[in-house]
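Each chain carries a letter (A, B and C) given by its place in the written order, and its residues are counted from 1.
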Amino acid sequence: MNKDKINSFEFSSVIPLIVSNSILGSGFLYLYNYSNKSSVISMFIGLIISIFFILLVFKIFNILPNETITQKLKTIFPKFIYYIINIIFILISLSISALIFFRLTVFFHSQFTGSFSKYIIALVLLLPTYYLSTKNIEVITRLSNIIIFICIFIFLFDALSLIPQVDLNNIYPLIDTSYKNILTSSLVFSILFSGPSFLILVIPKNNIKKKNKLKKYITISYILSGLFLLIINIITLGVLGIDLIKIYTYPAYIVLKKIHVIKFINSIENLTVLMWFFILMFTSSISLFFSKSCLIEMFNIKNKGTKIIINIIMNLLIAFLPLIFFNNKSFFDKPASAIIPVILYSIIFIILVFTILINKIKTKN
Amino acid sequence: MKKIKYLILIITFIFVLTGCETHKEISDLGMVSAMGIEKINDEYLISVQVANIKKSTKMGTDNSSKVTLYTGSGKTPFEAIREVSTKSSKKLYFSHIKIIILSDEIINDNTEEIIDFFTRDNEGNMNAYVLVSTKNTPSEILSTITAFEDVPAEYIYNSIILSEASYGNTRILSFEDFVNFLIKPGIDPSFTKISLSSDSKDKNNTETLNAINLSSYINLGNILVFNKDNKLVELSEEESVAFNLINGKSSNSIITLKCDNNDSYYTLELMNNSYNIKFNSKKDEINIDLKLTYSISDFNCETSLLNNDSIKKIEKEIENKIKNNINSLLNKVIEYQSDFIGFGTLVKSRDKNYFDFENNDWNKDGLSNIKFKTNVKVSLENRGDLINIVKKEGKYE
Amino acid sequence: MDINENIKKLYKLKSNMPDLVIREITVPRRQKVYVLVIQTLTSEDKVNDFILKYFSNKDLFKNKTNIKKSISEFIPAINFHEINNYDEILNYLFNGFTVVLSNKFNASFETKALIDRAVSESSSEPSVRGPKDSFNENYQTNIGLIRRRIKDKNLYLKEIVLGKKSKTRIGIMYMNGIASDDLIHQVQEKLNNIDIEYILDSYTIKELIKKENKTLFPTIASKEKPDEISVALLNGKIAIIVENSPNVLLIPTLFIDSFKNSEDYYEKSFYASFIRIIRLFAFFLAIFLPGFYLALITIDQQVLSSDLFINFASQSVVVPFPSVIEAILLTITFEILYEGDSRTPTSRGASVSILGALILGDAAVNAGLVSPIMVIIISISSICSLLFIFVDFQGSIRFWRYLCMILSSLFGLIGFIVTFTLLLINLCSIKSFGIPYLIPYVPFYKKEALKDGVIRSESSSSKIDKDYLRSNDEKN
């Protein structure tokens, strides 16, 4: 684990993928339902607020640059607290991975192949997730490097073919609801945006080569992903209009159905969904990797067979457990379901703040 | 090698477990290209036009029709469709629907009931064009045969696009826009009328396909809007053209005027249309500004085209005529108390505090306070290959 | 070494090896000189030449002859070795040397017969422009063909002998200073650990070294053209030459190497880049086209426009079985056709191609067994896979194509997307001797990617970037 060297470009290409994931799911629902047309402004404000959280994550990234997050926690906290905090991390990242996978399964089940059962679809979608989780961090970053280019290409194609259909009357007036709504939704958006960044802590900083350009690449990738989400928001709002958006569960997908490039290509949304698939699967798989490596380092497991068994069990858990529990509940179709990732990310941020404070106290002594 | 074995094992399990439920061969599907909905005796009657793909190994001349029509009835639209599928041997596939024809009773009484069926299904049929038929029933219209296209829905689809741009008395309305106009405050939907021409005795006869003199049976007519009592009413042709001019949709329409010297007419063709609608909340005014560029297509008058005064006179005539058309259209808006042009959304987007759309009715209270001001500016250019007109010898001057 | 004992042992061998010729020549002072050859391995002219020249030497018949001095000074051969024990005698005999045994001095020199093909055009890697010579089975010729192109003292050659029964000579060639030392050590270690009975072709070595990743994509390439090997050597790769095999191995091989051809260097760079882009496109077509079509036909018909829908439907209405079975049958028939084509001698090749074209092209479609569009798609996919000369690469294309077809026909476009992801993950995780497979694109090396990746720039013989082929531990 500590021997793998990663390029700084590959490292920073992980960031746009993990950051966009919760927005494509429940985040957009929440934004549109609570702040109507002013979701544009609240997204903008949310991006600015999230700078604070991002800096928090990177401050921890810079402490003790030779160790992963588990090892850092081990050196900073006393033993008993370290166990508790590590278990909290493992559980939270596992549940985030399960949530994202559940959302992916439900999305595919509702849009395609309506008569397959959800379990079969989960099994098929588990194939690349499992395969990716058996590889080490080098492969994951290389894969994200390739995926980023594919996603940029698909995104540009979609955006450029939808821009002629944008009606500016759907976006004005910019401020539509009370200021309180705008502020709460921008706070929620900022946590959803910057929350998954904690997943990069699994890589020690010293494993990255060519650090002179690291800061530049990371800032560019955050700005680009913010821009990406903003453009999706504006285009969806402009093409469909706020009234039509509120009746759909996945508005950002419905807007893709309106792409008519030439007479021939008019149902391309089945292929451009590749971008969504990549983003969701990749985030789910990297958070699974996070929890797996935390678990392995905590108990210092060296046996190869045990590692494989843990891997298989975790994969099966994230794929099938939510399906069994949440099968008939429609909670996840409501906008209020965004509250669950917000709570999970906030817990992590609180723990990170504590870590920084205690580290400061320790180094002062 | 071990990994490949595991992969093969998993895939064989999947083979066994699924049983291939959603496996539908393309030849087992019946592609529905057009659909008609009407209501008879409190029951929905749905007619679908399905592409008729038969096993013909020889590509010979096939005199049978390329589409077949099925009808079914039920209490909800979905039940009616299920009854239709008892009559066909192929599974109906709705993803490629091009045209949906609704009868006017459905629009007048039960609009919301049919919308739910179309928006809930995920097979992507929100891009179909909606037409309303008042004179004939949808199943009659769907059982006529058309020239040029094997599938009549394609014919209607292509001709509605063409006529919106070139003649201007039709309006493209996709199903999604239809839903949008219903739920959005400040705009009401407007439809295109479809009907059959009167001499349609032979419309079901396939022999007439081979006749050259196939008068077109399907007519795409003028635009229909809602009136005060929520019934559909037809606008006149000139008002429909003016409606499209305001929206900027007719890019190539024509206008015909009478010459002042003799009894003949002359026709001009629209080249460029730049429209601008502004709302001034302090003065309660809506300004409609049109800048049109026309070119002469068919000139039979005796005035010479070479001096500036006659050009200016022609431009003035056109401006007056268009202004009159627009004014009569706006009068209809106020008279019918139905804002089908979309002034309400414009008002809402420019100044959201001007009118409370949720609690008051825009059509009754808001529209009556607005003053409209039209301003049309026409410029003539591009007279084609001729400098002036063609005259028979000895008649000039 | 007792000469009489050795001669007795050799006479015993002669009863089962009649081509071992032992010639006894008596020299003055009662010394016996034995000349030994294995007749089938040596050229008679050279041996007769030696006997004529040497034994007509007048000095020899003087009384005070020193056999050792006379043999070592007058032997008309340049590859001259002194022998010290019995095993070496046999070793040299089997390598085509002539052995001269006497009381005090034993020597051998080379008189190998030329029982090889001449250096001719390569049958499996044809070239239109550029040098056409290719390797043959002679070890010396192969090395000579490379040395002729790189006349540099830094071209090092290390030799090993492997195989208990075959005792094949293996040569490792690399450019000192350009190739990475770590790579050389790895290769040498792996070769030294091989314990095997016989080696008949370089493919055996390929399998034995390549234990690192069990992947289907080739990480060691084998080529037949010396100009390609020379370019690769100058770029820092290592060549392994095996005796009796016209295929020379190249280590390491990257993904981008399967898309390159030596022809690209002898043409304008614009055209070469265009062709490489087309090859990359053909790679994806070959793997994904049948699966994509099957997904569209059976599960996700929404993507088709209505004209295509009617077109495909009216064609597949005729066929009596489902599309998946049709596709698999056609693919298997194409595989059989290719296999038959490569096994028949050229005198009968014409009838095979006519049979194939008639059966598949015409009769099957007219009989209503397959639809024309399926034939078109499967044949486009098969033709695209023919662009790649490595047989290993074609094998991997085949596997992924079948996987894609199965998953797409079961799950539609989800299966297609899942196969695409699996292929990407597989490609990202392969390492060829410690070097990632997708260099120079995924760990992005700008100079190398622009110079000689998919796009070939103008002057491809500028400074060589030595960094990108080094493994992780060597770089800082």
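Everything below uses one rule, namely that a contact is a pair of C-beta atoms (placed from the backbone, for glycine too) under 8 Å apart; a residue touches a chain by one contact, two chains touch by 3 or more.
Bear in mind the structure is a predicted one, so any value in this text is a computation, not a measurement.
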item	value
Centre-most chain, if every chain is reduced to its averaged C-alpha atoms	A
Most widely separated chain from subunit C, with each centre as the mean of CA atoms	B
Intercentroid distance (Cα basis), subunit C paired with subunit B, Å	67
Between subunit A and subunit B, centroid-to-centroid distance (C-alpha), Å	43
Mean-CA-position distance for subunit C and subunit A (Å)	46
Multi-partner residues of subunit B (at least 2 other chains)	14, 18, 22, 95, 124
Subunit A residues counted as touching two or more neighbouring chains	113, 116, 124, 127, 266-267
Junction residues of subunit C - those touching two or more other chains	299, 302, 305, 407, 412
Residue ranges of subunit C touching subunit B (in the complex, touch as defined)	214, 297-299, 301-302, 305-306, 309-310, 312-314, 316-319, 322-323, 368, 403, 406-407, 409-410, 412
Of subunit B, residues touching subunit C in the complex	1-3, 7, 11, 14-15, 18, 20, 22-27, 29, 31, 33, 51, 53-57, 93, 95-96, 98, 123-124, 151, 154
Subunit C-facing residues of subunit A, complex	3-5, 7, 9-10, 108, 112-113, 116, 121, 124-125, 127-128, 131-132, 135, 138-139, 142-143, 145-147, 209, 263-268, 270-271, 273-274, 277-278, 281
Complex contacts: residues of subunit B adjacent to subunit A	10, 14, 17-18, 21-22, 95, 119, 122, 124, 126-127, 176, 179-180, 183-184, 345-346, 348-352
Residues on subunit A engaged by subunit B in the complex (per definition of touch)	110-111, 113-116, 120, 123-124, 127, 169-170, 172-173, 176, 240-241, 243-244, 247, 257-258, 260, 266-267, 269
